[in-house]
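The structures come next, written out as structure tokens.
You will see chain A twice below: alongside chain B first, and alongside chain C after that.
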Partner chain A sequence: MIYSEIGYYSLVIGLTISLPIFFFSIKNFRDNKILDYKIINFSFIQLLLVLTSFLGLVLSFIYSDFSNETVFNNSHTTKPLFYKISGTWGNHEGSLLLWLLVLNLFIFFFLITSKNLWKNYRILTVLFHQLIIIGFFIFLLDSSNPFNYIFPVPKEGLGLNPILQDPALAIHPPVLYLGYVGSSIIFSSVLAATSLNYVSKIWALHIKKWVLISWVFLTLGILLGSIWAYYELGWGGFWFWDPVENISLMPWLALTTLFHCILVLEKRSTLTSWVIILSITTFTLSMCGTFLVRSGILNSVHTFANDPERGLFILTFLFILIFISLFVFFVFHKTDKKSLISFSLVSKETSILINNWFMMYFLSVVLIGTIYPIFLDVISSEKISVGPPFYHKLMIPFLVPFLIFMAIGPQLRWIKSRLRGKIYLITLFIISISASFFVVKNLSYNFLINTVLIGSALYLFFVTIRDFFSKEFKNISQNLSHFGFSLLILSILFNNLFSNEIITNLKVGERFNNEKFQIVFKNLEKSEEKNYVTFKGYFTILESGKEDNLVPELRVYNQPNIVTSEADIKTSLLNDKFITMNTVQNEEYFNIRYQVKPLMIWIWISVLLISFGGILSLFNRNRV
Partner chain B sequence: MRIFRFLFVLFLMCNSNFAIADDNKMQNKIAKNLRCLICQGQSVYDSDSEFAISVKLVIQNKLSEGLTEEQIYELLIKKYGDWISYNPKFRGNTYFLWLLPLLIFLFGGAIIFRKVIRIEK
Partner chain C sequence: MYGRKVKLRFLFVIIIGLSLFLSAFLILKSLEESVVYFKSPTDIKLIKEIEYKKIRIGGMVKKNSIQMSTDQINFIITDLRNEINVTYSGIVPNLFSEGKGVVAEGYLKDRNFFEASKILAKHDENYMPPEVKAALEKN
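So, the complex of A and B:
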């Protein structure tokens, strides 16, 4: 009770703190040379108040205070403590409060880490950022208050959706939000810099850190979500081109493009307009994501909580922000005609432009594929589905040149470069294609496209490995990320081509045989856990003389009453053995799905390598 | 280079292990491209709902009757509408869906080409 009270009032007071921030900012903007310390102090107070409010909600969850509507809707006394806490952001209201907390946290960090920069730029960034913060405050207090009362106080809560009760998913939203919200700093900063005509080398160097931070978090957030989908949703897939997945991918694509583009701005002071547009796009995509997820427009596995009214608020808010940014861009942005930029056709600049070109194309495929069905439904009420075949058809052919350019690009210098003396590029290409031909030759279908695809991915793989040694780790962060990407594509391709699976119905004691596997359903055990009853199936898999024991589970949760299927996965460096069981109408039998998925763990490892490249780059001051 | 050789052996091992074509593969492929109409964003392949199970049976039967992949899609779309297929057809209402990204690609390419050419001069 008391915690909700504290939470609510600190939120209200937090909103009023925006007033002095505005007041001192505007005052400071005109007179002084140095930044008024009061702005930082008030930002800190606002941060503390939002933090208090957030902790108030966390404590309400920990103590299962069911007089709080959010707690009542999403928690239960029998839930383990860890999931009580993670339940705080496993719902709409709590996740928005977390979003607000991160917004405040980031602007505070921005203020204390930008001391060397121009005062007016810092103040204006704070002001633009305050607009976003105020928007979220009002949204929270008005239509998504996490501290609503229920009277009479219920004895028991409704519980958290069991598929969300999972360690990876408990930390997935905060990590993803750090990525999303990081783009808000980029947004306010780019608006401030544009208004003051401050988009320059110094600015690029400074904002690059924020781009990297949000990029790393977004990458890791997507990875966590993907891993969760892999073992929890029980179909052994890790990416389904589901609208909500696409929505997290779009800001990622935009951020990746922005990062490459900022490198050009930093080294060569060109492409300013493009950097501004990309920064605005990234944030808009993050906000659109929130809108689409929260409004319930999307038909997706992820629609846990949604409400059209809230969607309308976010949409209006989004339009205001887009309007402001377009206004700033068209009124204040002056294209720099003085500085004569010149670079040759064969140069790093051109290759980064090519990167931008392909990335924007991939982004447009995802964007159009995600929203086109919604528009079509609204306009003509025809329902179509856009799924994996669409994305694969439009993206895979373009992936081949993309991978090749990705290998060649980093070999080039700024301004002008020569391909002479780079015979190794051609040698490695021939090696890759022949190697790929060798691997694919036994496949009966899609022979050509697979050879070319694996060939180009191998090409990037070999070229980046060569770079590790030949460049003596000078460019280690870029090298690592590009290498990680080649590994990712290779693992996905091999995983796709050489996966094997068996779907069958078995009852206890029965066995399944084919020429390669033998699956024995040995035993079924029932046991009771804190908030669910579990049925464990004991299976033995015999494959070419090797024996594996796997134990998939069926869980019947008490609150809410939902049956989930927990996969059992045996991971090795070479492949994953993945088994799930499900109930069938005929009660004695269970539907068993057994899959062997090669190189699965390398998909996760490669994404970690990609983000690790980003982290290295953060700590690397001089080089990129 | 030893690492490469090791990786190659590894790849070849995967290859020989999994090269045996599975009869079920086509059935799974078709099921992956169909939406489970009563689920929240799951394909027929991923779902264990009654609907998904019955569609899987239909696919199995039709395949054994000798229908091709395309014919099975046609059949199911005729019965349940476009909503069931994850692979939108190229016609009337989806021209834009398929062509817009490609147009954007061409457009972007033209801009970059112009810029680079202008700078070259």
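So, the complex of A and C:
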């Protein structure tokens, strides 16, 4: 009770703190001195208040205070403590409060780390950022208050959706939000810099850190979500081209492109329009993601409530922000002095530019695939869905030149470069194509595209490996990320090409045979846990003389009453053995799915490597 | 005639224009091919001819209609007005049960038989896919 009270009032007071921030910022903007310390102080106070409010909600969850509507809807006394805490952001209201908290946290860090930058730029960034913060405050207090009362106080809560009760998913939202919200700092900063005509090398050096931070978090956030989908949803896939996944991928693509543009800006002071547009795009996509996911337009585990009012609010808010940003862009932005023609054909910036175009293409494919069904539904009420074939068909062919440019680009110099003395590039290319030829040789279908695709991924792989050992080339962070990307593509390809799957229905005691595998359903055991009853199936899998024991589970949760399948996965460096079972009501048969997925763990490792490259570059001051 | 710079710029504009055009064409073309339409059992009854194209059918799993064997699951999807028989071999989502909403993706054999390649996952017991809701409300 008391915690919700504290939480609510600190939220209200937090909103009012925006007034003095605005006041002092505008005052400070006019007189040309150093930054007024009051702005930082008030930002800090606002941060503390939002933090208090957030902790108030966390405590309400920990103490299962069911007089709070959010707690009542999403918690239960028998839930383990860990999931009570993660339940705080496992719902609409709490997750928005988390957004707000991170918004405040980032602007505070921005203020204290930007000391040697121009004062007016800092103030203007704070002002633009306050617009977003106020928007979220109003949204929270007006239509998604996390501290609503229920009277009379219920004895028991409704519980958290069991498939959300998972360690990976408990930390997935905060990590993803750090990435999403990081883009808001870039957004405010780019607007400020554009208005003041401050888009320059120094600015690029400074904003690059923020881009990297949000990029790393976004990458890790997507990874966590993907890992969770892999073992929890029971389908054994890690990416389904589901709209909700696409929504996190789109800001990632924009952010990755943005990062490369900023590198060019830093070294060559050009591509400023790219940087500005991409910063705005990244933030818009993050906000759109929130809008589509929260408004109930998309159906997924992320849709907590179908409240049209909320969707409308975010949409209006988004339009205001887009309008402001486009206004700033068209009115204040001065075009580059150097035109694109000043790019030499063989140079690092040209290859970056080419790949940026490719990434923009990928982005538009994902964007169209995601919003076209919504669009069509609105105008013709025809219901359609766009599946993986669409994305694969449109993206895979372009992945080949993309990978090749990714391999060659870093080998070139800025401004102007020569291909002389780079014979190894050609040698490696021939080696990778022939290597891939031998791998794919035995496949009967899609021979050409697979050879070319694996070949170009191998090419990037070999070139980056060579760079690890080459002396003239010391850009470890970039190299690591690119290496990680080649590894990612390779593992995904091998995973797709060489997966095995068996689907069968078995009764207890029965066995399944084919020429390769034997699956024995030995036993079924029931036991009771704290908030669910579990049925464990004991399976033995015989494959070419080797024996594996796997124990998938079926869990029946008490509150809410939901059945979930827990996959059992045996991971090794070579492959994952993945088994799930399911039951269909009143049937003795169990629905069994057994998969052998090669190189699965390398998909996770490669994404970790990619983000680790980003982290390294963050700590690497001189070179990127 | 024209300077080198102007020519280059001209070439550049043409390349960009062409690639934009090409990508727009590609995207739209493959969108047309790989879009999956959603139908209710009643819509199926009204189809004139059956093409071999992937579609989704949504509705409720009819009570007492689930039959399981070692390699197949058979059930009936109903929108309370018309019905369609579905055969499926694969794993069903946890919330697949009689009397609950379901979306099946696959190919139509004829007006009464549907061969599903995927049964779509849902995430909680109160959740009904909006397509199913719309299909049920229509009747």
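By definition in this document, the second predicted complex is superposed on the first by the 605 of 624 C-alpha atoms of A that agree within 3 Å, B and C clash if a C-alpha of one lies under 4 Å from a C-alpha of the other, contacts with A are read in each partner's own complex, and residues count from 1 in each chain.
Everything that follows uses one rule, which is that a contact is a pair of C-beta atoms (placed from the backbone, for glycine too) under 8 Å apart; a residue touches a chain by one contact, two chains touch by 3 or more.
It should be emphasised that the depicted structure is a prediction, and the values quoted were computed from it without experimental measurement.
With chain A as the common reference, the superposed partners chain B and chain C clash.
Contacts of A:Glu382 after superposition: both chain B and chain C are touched. Shared-chain residue A:Leu506: touches chain C; no touch with chain B.
In the overlay built on the shared chain, the residue A:Asn161 is in contact with chain C alone; chain B does not reach it.
In the superposed model, A:Tyr589 makes contact with chain C only, not with chain B. Taking chain B and chain C in turn and counting the residues of chain A each one touches, the greater count comes from B.
By the touch criterion stated above, A:Asn116 is placed in contact with neither chain B nor chain C.
In the superposition on chain A, A:Thr564 contacts chain C only, with no contact to chain B. Judged by the touch definition given at the top, the superposed model places A:Thr335 against neither chain B nor chain C.
Residues 233-235, 299-301, 341, 357, 361, 364-365, 368-369, 372, 382-387, 389-390, 394, 503, 582, 585, 591 of chain A are contacted both by chain B in one complex and by chain C in the other.
The residues of chain A lying in touch with chain B in their complex are 233-235, 237, 240, 242-243, 298-303, 341-345, 350, 353-354, 356-357, 360-361, 364-365, 368-369, 372, 376, 380, 382-390, 394, 398, 435, 438-439, 442-444, 462, 465, 494, 497-503, 515-516, 574-575, 582, 585, 591, 596, 598-599. Residues 5, 8-9, 12, 19, 23, 26-27, 30-31, 33-38, 54, 56, 66, 68-73, 89-98, 121, 123-125, 127, 129-131, 134 of chain C are the ones that touch chain A when the two sit in their complex. Those residues of chain B that touch chain A in the shared complex are 3-4, 8, 10-22, 24, 28, 32-33, 35, 40-43, 45-46, 48, 50, 81-88, 93-94, 96-98, 100-102, 104-105, 108-109, 112, 115-116, 119-120. Within the complex, the chain A residues that touch chain C are 161, 163, 233-235, 299-301, 339-341, 357, 361, 364-365, 368-369, 372, 382-387, 389-390, 393-394, 503-506, 510, 512, 560-565, 580, 582, 584-587, 589, 591-593.
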